[in-house]
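Two complexes come next, and they have one chain in common, subunit A, joined by subunit B in the first and subunit C in the second.
Showing the complex of A and B:
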C-alpha cells in the first residue's frame, strides 16, 4: 500500500520518466555527440585516435564544392516538390469538398501513396523512368515528343525525383487541407452567398484565406520532411549520376557509412539541422506576418 | 445554374484523372509482378498483352529469404510498438493532465532532427557493444520513430477525455495509475488504434535505420527489396513482386483502419 502511495504522489514525475530517459539516451545524447564530433577530424577507417580540431572540419566541408552543391540542391528539390504539392494538394482538397458518388473511394486512394514503402515506390519508378524500356519515354514517344534520360541524366534527375515525391506526398497536403476545410464554420459562406458572391469569389476571398493557416502548417511539415528526403533518392539514384542528386542528407549518409569520415559528416548534419530549423522558423514567421 | 453543372462535370473529370494518376503506379507494379522478364523489357511496353505468371512470387518467397525478412519486419514493428505503448501511454497521460509541454517539445525536436544525427552515434555505440545485427538495436532505433507518434497521438486523445472522469474516480479514492489503467485506457480505444496502426506502418516502411543497423540475421523487408536492384542485372519481375509483398500489409491495414490513419496523419496540423 505504501508503494502504491509513492507512485500516486509522484505520478507526474514517474509516469513520463521512462519515456524521458529513452529520449535523452537515444536522442539528446547522440545529437550532442554528433555536435561534438563536428569539432573533430575523426575518421573511422584511418585508425587514428579522435582529435579535436576546433573548426577545421567546418572549413574543409565549406570549401568543398560538393557540399555547396548539395546545400543548394536540397533547397531546389524541396522547393520544387513541396511547391507543387502545396498547389496541387490544396486544389484537390477544394475539388473534393462537395459530395459525389465514390468520394469514400477517392479518400482511400489518397492514403495509398502515403502508406506505401518509399523504397519500393522509388525502385519501381526507376523502371518507369528507364530510358530504353520505361513507360515514361514510351508515353513521350506516343505524344510525338523527344525522349529523356530522367534519373539517369544529371540535368533531369532532380525534377524527376521531385515528381516521385510529388506523387507520393501531395495527398498528405490534401488530407490536411480537407480536415481544415471541414472545420470551417459555415457562416461566412452563407453571408457571401447572400451578398451575391460568385463561386470563384467565395473560393479566393473567403475559403482560401480562412484555410491559409492550415495550408501553411501542411507546407511546414512537408518542407521539414522534404529537406530530409532520403529513401526515394537513395533507392533511385544513390545521389547520382555522379553527385547530381546528392542532397545534404544523402551526403551525410555517404560520409558516415561509406567513407567513415565521422567528423566531416557531423558538420554536414549540423548544417542540415540548421537548415531545417531556420526554414521552419522562417515559414512560421511568414505565417504570423500574413495573419496580421 | 448551367454554369454550375459545367463546373461540376469539369471537376468530376479532374477528380477521375487524379484518381487514375494515383492508382496507376500501383496497378502497373501489380501487373508487372506477373510478367516474365521478356514482357517487362519489351518495347513498346506490353500493358495488357502478356501471359501472366506467378514465377516472380515463387522466386521471391522460395529462393530468397523473404519469409524470414517478412517476419523480421513484423517482429521489429510489433515489439517496438508494444514497448512504445508501455513507455508512451503513461507519458502521454501525464503530458495531457499535467500540461508538461517541455516533454512534447522534445518530441518535436525528434521530428526536426535528421535521422542520421542519431544513427551515426548509435552505429558507433552498437558496434562497440556488439549489438550490430541484433533485434535489440533495431527495435531501439525503430522505437524512435514509434514512440513520438504514440505520445503525440495519445496526449491529444487523452486531452479530449473530460477531466471530470479522472476527478470523480480520484474523489472515490482511486490512485492516478488506477484511474489511467481501469478508467481512461478502456475509453481510449480509438486513440490507441490510431497510434498503433500509424506507427506500425512507419516502422514497417523504415529504410534508413535498418540499412545501417541490420545485416543478414535481422534484415527487414525494405532492405531486402532494395537489395534486389543492387545486383548487376535487375530482375524486374522479382522486384515488382517484392514491392507488392511489402506494400500489401500496409495497404490492408490502411483499408481496415482508414478513419484512424487519416486522423493520425492530420493530427496537430489543423489550426482552428
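Showing the complex of A and C:
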C-alpha cells in the first residue's frame, strides 16, 4: 500500500525517468564527453596520459588544410545529393498521385533501395563503377559516350557518391511528400478546375505551394543524415582517392580509429555537430520565410 | 536448516564461479587464412586441456580498433589476440598492452623476425606469419611475347611495355596505388633504389634514392597499370588478376594460394608464375616481414590458460599445418621440412629463401603513428601516379610530407631513435 502511494505522489518524475536516463546516458553524456575531449591532447600513439590543453587541439585542426577541405566537401556532397533528391523525389510523388496500371508494383520497386543495407549497396555500386570491368562504363560505351573514372578519380568521386546517395534516399522524400499530398484538402483543386486552370498551373500554383511545408520537412530530415553520411563513403572509397571524398565524419573516423588522435577527432566532431545544427536551423528559417 | 541451505548454495555458486573463471579464455583472431585454420583446430585444444575458448574473428583494421578501444578503457576481458607487429606493435607496447613473454622458447624463429617482437630486452609477441614481396606473372602471356621473367627494374619496365595491350584489356603491370596501402608494397622498390622511409628516427623518403623509386613506381602504374590505380589495393587487383586482365603483379607472397584456387581464379595454376622481386639499380633487398604475430594481453586475468593457448597456437605442429595450407609461417624449421617442401610451390620457396637471406625486415616506417605516416607517404605516391612520376612539385610535396612525419615522430617521442 505504501509503495503505491510513493509512485502516485511522484508520478510526474517517475514516468519520464526511463526516457530521461536514456537521453542523458546515450546522448547528453557522449556529446559532453566529446566536447571535453576536444579540449585535450589525448593521443593513443604517444603512450602519454591525456592533458587538458584548452584550444590547442582546435588550433592544430583548423590549421590543417585537410580539415577545411573536408568541411567544404561535406557541404558540396550534401547540397548535390539533397538538392537532387528533393527535386526528383517531389516529382515522383506528384507522378504517383494519379492511378495507373501497376502502381502498386512501382511503389514497391521504389522502396527497395531504401531498405537495402548500405554496405551491400556500396560494394555493388563499386563493382558497377569499376572503370575496367564495371557495367557503368560498359553502358556508356554502348551509348557511344566516353568512359569515366567514377569513384576512382578525385574530380568525379563526389558526384559519383552523390548519385549512389540519390538512388538510395530519393524514395524517402517521395514517401514523405506523398503523405503530404494525401493530406491536402480537395477544395482548392476543385476551385482551380472550376476557374479553368491547366494541369501545369494547378501543379505550380496550387499543389506545390500547399505541400511546400512537407517538402521542407523532408529536406531537413534528409540533410541531417546527408551531412553525416558515412556508410556508403566508407564502404566505397574510404575517403579516397587520397582524401578526395573525405567528409567531416570520415575524417573524424580516420583520426579516431586509424591515427588514434582522440583529442583532434573530437574537435572535428564538435564542428560536425555545429554544422548539422546550423544547417537544419537554416532550412527551418528558409521555410518560415517562404511561408510569408 | 534455512541457513545451512543458504551456505551450501553460496559454496556451490562460488565453486561454480571459480571453476568457470579458471577454464575460460577469450581469444581475438583476424580474418586471415591462419585465423581460419586456428578456429577449426580449437576444439582439439579444448579437448586436450579442458579450457574453453571463446573466439571472435575480425577484419584486420577492425581488430586493431576493437583491441585499442578495449585496452584503452582498461576493462578488457581479452586474453590472447593476433596482432600486427609493424602496424600496432610500437603503440601497443608503449601503452603497456602486451604481456612480456619471459621463458618462452623463441629458438625456432629467425633473428630478423624477432626484431619486431622485441622491445628493450624482453619479447612481447610470438611471430606467426611472414610475408615478402614477390612478382606474380602470367607464364603464358610472357611466353607468347617471348620474354623471360624480369630480374631488374629495367627489364620489368620493358616487359610491362611489351605486355600492355589495351586492345585485349590486359594491363602489363599492376601494384597497389591506394595511398597508405601502397606504402608497404612500394617499400621494396625504395630499398632497391638505395632509399629508406625512416633512418634513425628521421623521415628520409624525400631524399633522392627514395624519390627515384617513387617516380619509377608512379611512371610504371601510370603508363602500364590498370585504370584508377590510385584507388586500388590488393583486394581490387587480385580479382583483376584472377579474371586474366593482369600480366605482372608485385605484392605480398600470401596471395599465391588464392590466385591459383580454381574456385576463385580463371587462370589455371600452371599459368601463374612467382619470381623473386626484381633488383633495382643499387641492390636487391625486398621486404620480408612478420605480418602477424600472437600476443597475450597484459590485462588478462587468466594468464596461465592464455599462455597454454599461445604456446599451442604458435607451436611447430600448427605451423606445419599452416604451411601445408600454403600459409607462409614464421618458424624456421618448417621451411626445411622435406615433407612440406615437396608440397609447396618451388618458386614460392625459392623466393622466400632469397628474401630470408637478403631481405629487409620492415615494409613501412616503424613508428607508433604509422597509420597517419602511411597516409602522408601515400599522398606522395598518389601524386606520383597521377603525374606518371613527372610532377615538377613532387619533390616539394615529399619534403612537406617528410616534415609532417617528422612532426609525428616528435609528438610520440620517437624522433632520432
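The working rule: the second predicted complex is superposed on the first by the 289 of 292 C-alpha atoms of A that agree within 3 Å, B and C clash if a C-alpha of one lies under 4 Å from a C-alpha of the other, contacts with A are read in each partner's own complex, and residues count from 1 in each chain.
Everything that follows uses one rule, which is that contacts are C-beta pairs under 8 Å (C-beta built on N, C-alpha and C of every residue); 3 or more make two chains touch, one makes a residue touch a chain.
As the structure is a prediction and not an experimental result, all values here were calculated from the model.
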| task | After lining both complexes up on subunit A, report clash or fit for subunit B versus subunit C. | result | clash
| task | Check whether A:30 is in contact with subunit B, with subunit C, with both or with neither, and answer first, second, both or neither. | result | first
| query | In the superposed arrangement, which partner chain does A:107 touch: subunit B (first), subunit C (second), both, or neither? | reply | first
| Contacts of A:70 with subunit B and subunit C, given as first, second, both or neither | neither
| Does the superposition put A:132 against subunit B (first), subunit C (second), both, or neither? | both
| In the superposed arrangement, does subunit B or subunit C reach more residues of subunit A? | B
| message | Quick one: is A:230 in contact with subunit B, with subunit C, with both, or with neither? Answer first, second, both or neither. | response | first
| field | Partner chain in contact with A:257 - subunit B first, subunit C second, else both or neither | value | both
| field | Which of subunit B and subunit C A:82 touches, first, second, both or neither | value | neither
| field | First, second, both or neither for A:276, with subunit B first and subunit C second | value | first
| Counting only touches as set out at the top, which of subunit B and subunit C does A:151 meet: first, second, both, neither? | second
| request: For subunit A, give the residues common to its interface with subunit B and its interface with subunit C. | output: 44, 132-133, 257
| For subunit A, which residues are in contact with subunit B within the complex? | 4-5, 7-8, 11-12, 14-16, 18-20, 22-23, 26-31, 33-34, 37, 44, 92, 95-96, 98, 100, 105-121, 123-128, 132-133, 135, 138, 167, 171-172, 175-176, 178-180, 183, 199, 213-214, 217-218, 221, 224, 228, 230-231, 234-235, 248-249, 252-253, 256-257, 262, 265-266, 269, 272-273, 276-277, 280
| query | What residues of subunit C sit close enough to touch subunit A in their complex? | reply | 61, 65, 68, 72, 91, 94-96, 169, 178-179, 226-228, 230-232, 239-240, 243, 245, 368-369, 371-372, 375, 378-379, 382, 408, 411-413
| For subunit A, which residues count as touching subunit C in their complex? | 43-47, 130-133, 149, 151-153, 237, 240-243, 254, 257-261
| query | What residues on subunit B touch subunit A, complex-wise? | reply | 4, 7-8, 11-12, 14-15, 18-19, 21-23, 25-26, 28-29, 32, 40-45, 86-88, 90-91, 93-95, 97-98, 100, 103, 106-107, 109-124, 140, 143-144, 147, 151, 175-177, 201, 204-205, 207-208, 212, 221-222, 225-226, 228-229, 234, 236, 239-240, 242-243, 246-247, 250-251, 253-255, 258, 261-262, 265-266, 269-272
